[in-house]
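Below are structures written as structure tokens.
Each of the next two complexes has subunit A plus one other chain: subunit B in the first, subunit C in the second.
Let's look at the complex of A and B:
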């Protein structure tokens, strides 16, 4: 810019004689003088390290990968577009591609929507800063740490994994879990069990009689602490009731007699017992601490006694988050947890930039808050939303660490994504750098629209 | 990401992103609506905030429980059995040479990567903003284009290049990679900020006969500090948190904490104590940085969440 005599061009330490005629701004080249050669030389010094690194580490690799992707695994024979064909045909790579599509559609949409929701809602609270800080915090943390955090959350055992613990708690609130999972009849001839676990008397039982119902295969852990030693039920003493005992027909250390209530055997309290006539439940009760029960209020006659399957159903233990079916949604949920704050902050900044006049004018005209949001805020916010969405799409395209950490080795093939597959085929055992390069180039091709978008945006700003 | 770029990325304006939104602004009718909706919104947001806090809190608590307790019950059991809490896991961690070594490596990788990006990036940005030379704008546009280049396209070529020159598996290699891929963002961020420095200041310095180097170090750098801080924090966190690059370019002696811990996730169930405490160590540094420099970090993210 400054027109300086062409002397002393060297070293940062020379004097720069001020310009007499300078009037240009930073971006307009001045007439070519000898000074420019000096200026160019100096600029080259300032730029050299950056240019060198970018050329060697970014540009050259792109060219190298383009070429390498056309060769086979050892790099010796030319394949043409063979590797790119594998991208769409090779089983694992195709799974990765499909998962990437799911990721790119689902994750950015949900993150942007959630970010928008948070940005709008936080306008109404006084502790905005606390909220935003909390939600934004995961952005500062590594995917590795987040991955470990969510491996803990997704632990399948409800005693350990938070997700399943909550799911089970909610489930059991609405559908209490059974008391004796796995229990089956001790005397299957008299009390056969159906496939679903329901135990029904083989012969009908008359009112006024007493029925022993021995059970086996109940885990001692499932026998509640209140259970006492089982007792034989007393006769109902009326012909409108049936009594009996449900007990665990198993003596610790052996020695008990089958189908007999032995001295140390425990009753099974809380067991539901139904009396059924013509397929309809006409009476029911639950067993007491010593296992005895009395179904009363029955019309004299013959009934089937039934222990419904609910007594024996396996308890609800949550879902297998880290299994092949749910793994991708589970990892996407972790991603949303990480990135919602990012979307929120950007969108909130965009909202703060909306001129208040526009909002006030709309309200003056009688628009409801929803109308203001829908007709004024949203259109003005659209560019920001697009930017957030595009940013997330590009980010999601390259997701690697989260999948690598959260998906256990055995389900990694089901959770595969392109960035992970790229690492696997070229470094993590595959050693097919031809296919690896093709995946790299493919990812590069996918971001080219964003590249163009950025450059055009920059040019517009100039 | 490049895409975000508010005009002058690190200029004061976007700073309040996390700290304020506009003051309440509504008329009577909407005040009524707000008054009714507010408690509901409060509760909802409180639940959401909890949802965002609890997983990390769980990691912290798990890291403070003995392995046997973690294996048999969830971390929330400490609320009924606070005696489970112990610093033993951290004690073990300090005695674990692999952890200590990999933590040191993380520092040895992160600090130079951050400093070099700042130095090399500022120099280039100064030239691109205030010096005259052929193809200047083209170079800048190329740098912007490189913002979104996925590192996947460079992994294989650089691995073989590093192999050829003998720095594969060394800290030098990882640092070079991080610096190179940090540069487009550095140039994008700093060049725009530097270009916004008042021309008069530079002209005055030049008038006084100051050299370009003097102007760069005494005028540009001090005035550009806010943007440099954003860049520095962003790069620091990116490198500190990186797994993929280090996974490929480091060896057993040079691997950072992330790579070491990732290798332990293969036996997740049996190494929860190590993983929880190790992850917490690797997470605490970014969190401290985040809370200390929140404003700059948010600016950096807003200017470019590129990677």
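Let's look at the complex of A and C:
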């Protein structure tokens, strides 16, 4: 399938060959009749190899696919249009079709627009060669390698994925992560945790008392170096304070008693502790190195003790780029990275062909740069833009490798495109080459309008 | 996909073993030599001086070297010349072409029972003679005879078996949490909870992006909750996936998969591929402590991490569920003959012997189901334990179920069982929905 568009496009060009030969031959005025015959014969000899290749490698496969698409998986019984019916009723194929439409609309538009921007830029900057090389470089990388690169770029783990590493770096600059991510109460009956992680005492605590608050699931790596062995808090000694200990109730190596401050268990310093009355925070403090705290300055009475969620918030780990929602945009971005250079080079060539005096004349007439671009450059460039756009549409229809490599297995159905689906049902597990051929034929039908358009343009130009 | 995975298996175990105990290789050499010198064991092999035999298998590189040791043993014992051909990964296609061309190898190692059945039905492979059958009966549990048979005829010898019922763990994190490797499912879940308490953020690491890791999870749980007979029936789709036994297995899995404190966010698990799921556990600041997959995890640990198998990275056998018997899910390679000659029959007899098994396991690349194999032939403790578990499972060894299913169901990225179990991981509360989807896909594939 992938070779079809260029081959057919060439054939469009080659149709003109005999005419050209005839006209040059005709300019030699000796014995026109025999020469014509000789010319036709010569043309046939020269055309034969190309025609034969075309017949064997393009026409025959197309016809064979057409026929094959009417048969079942083993190719033994005739189904009529059965494969086409299942093509349009199968959820996977419909997702693929939907994604293909997104690809066709978004990718060529963005690539052409970006290519245009870069092309205009190349006229304004002095280091053109370096810039062009840089932007064009991804074209030299194979799709497969680019796919592997972007699989890594989009990795969810910020330690590996570049995209998330950048997001996390920016995020953490403005909102530092919590001290004890993942921490939860060791005694959920006395200190239940809300969904957001906030830990609140189940029963109210009266001033003058001491409250132990055991925590679990705090990674030993998150316990700061200043933390010392936890101690049981001393009685506050006044009616206006509540004391207590917040500690990691897990003895490394096991053997610790639950809810008891064991010998080696460490306090959790820097933990926010709030005393709450009627939903209002009336006093707060942070724990010291050994985990003890005293909330003082309280009016004698009953309070809820609360460890706010900010202490435990899970760290921001970026975005799931390769999840079901973002997968297609993520892959399209990779495609743009590859093809922007291609568009830029073609469009820059088109711009170089624009007569300078037209631009000069516009400027002389007092047009602003924007007006020059909008009213003069763009109209003159339009044919090139259209060619680039249509070529990209054809290219996008057969996109396969990027999707196959970038999408993790669990998300592949969400990222599916027709070319990938065609391969999957024919070879990648489905082993139904009848249905696969039907998808192939359908793809061909989608490509044909774009091809016809391109061929017409070529002819007009010649 | 299947072959790729298989290759990973062997390469991985091979790499693991080589990195493991260099001195062990020397020791095992001498032990296999000892057994080869034993006069009684090879008296049954005829003198085949001047005969030659062509053997084909997928192995290349280190695995090929190991297998050539086995071949050399046969040459030494009988005088026959053995020519080895590597087919590369796609052995089914290569053999198919050779058969059509009229020049199949004398003996080939097939990586799947399905291929054996296919070649048996097409009449390309020949049944083994009594000598081979007797050697298999003597050295292997009866299941291996069944796995090498089609209809009433026995066609081959399983020369190696891999173990996919192993759970690998980070020794340091287990020590920190003060726990021992669990032996039952309940202990397993409790251990995961303790690991979570100790501050391990995602105690059990799942490689949900690769659907086959999830089918392997399911197969191990199903073999233990439903038993080997039901396992066989589900494998061939004699019972539907809506069967209550599947419900039990999925509910058991949900006890673990449904707990975010134990396996983390399912969205993250579904983004993690197999290799990632291993490196998440074996890392200096690992946030996970346990990962389930087959013996080939050892290779990934040695290749992709700074951990050393047998020291800070160890495994325990997949835990029993409700007092289930020792069971192993795995794979292997079966030797079959395309020509029925004295030399190929003798070769198969030799392959079924403990001597051949000893040579096969001597580098740590392979493990064997041969129950008369002296386990000192293994070069290191890890491969020894992997092999012993297979022998111990005996009749309760089962082939990887998804590898036996049509690939549309059991081996396709983003479709069939892979996709259904990924959806189940995303929502472990919907057991019924998962079963219906599995059954719908299975019904389509098992036409």
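Please note the rule applied: the second predicted complex is superposed on the first by the 293 of 462 C-alpha atoms of A that agree within 3 Å, B and C clash if a C-alpha of one lies under 4 Å from a C-alpha of the other, contacts with A are read in each partner's own complex, and residues count from 1 in each chain.
Just so we're on the same page, a contact is a pair of C-beta atoms (placed from the backbone, for glycine too) under 8 Å apart; a residue touches a chain by one contact, two chains touch by 3 or more.
This structure is a prediction, so every number in the text was calculated from the model and none was measured.
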Touching partner for A:252 - first (subunit B), second (subunit C), both, neither: second
Touched partner set for A:138, first subunit B, second subunit C, both or neither: first
Touching partner for A:182 - first (subunit B), second (subunit C), both, neither: second
Greater residue coverage of subunit A in the superposed arrangement, subunit B or subunit C: B
Contacts of A:125 with subunit B and subunit C, given as first, second, both or neither: first
First, second, both or neither for A:408, with subunit B first and subunit C second: both
First (subunit B), second (subunit C), both or neither touched by A:221: second
Which superposed partner A:378 touches (first subunit B, second subunit C, both, neither): neither
Which of subunit B and subunit C A:361 touches, first, second, both or neither: neither
Set intersection of subunit A contacts, subunit C complex versus subunit B complex: 408-409
Residues of subunit A defined as touching subunit B within the complex: 1-2, 12-19, 22, 25-27, 29-30, 36, 39-40, 42-44, 46-47, 49-51, 53-54, 56-58, 60-62, 64-65, 68, 118-119, 121-125, 128-145, 147-153, 155, 159-162, 165, 337, 340-342, 345-346, 348-349, 351-352, 356, 359-360, 363-364, 368-369, 387, 390-391, 394-395, 397-398, 400-401, 404-405, 408-409, 418-419, 422-423, 426-427, 433, 436-437, 439-441, 443-444, 447, 450-451, 453-455, 457-459, 461
Residue numbers on subunit C that touch subunit A, as the complex places them: 1, 175-179, 194, 196-201, 208-211, 261, 267-268, 270-273, 276, 285, 287, 407-408, 411-416, 418-419, 422
In the complex with subunit C, residue positions of subunit A that touch it: 92, 156-157, 181-182, 184, 186, 216-222, 248, 250-255, 320, 322-323, 408-413, 416, 424, 428-431
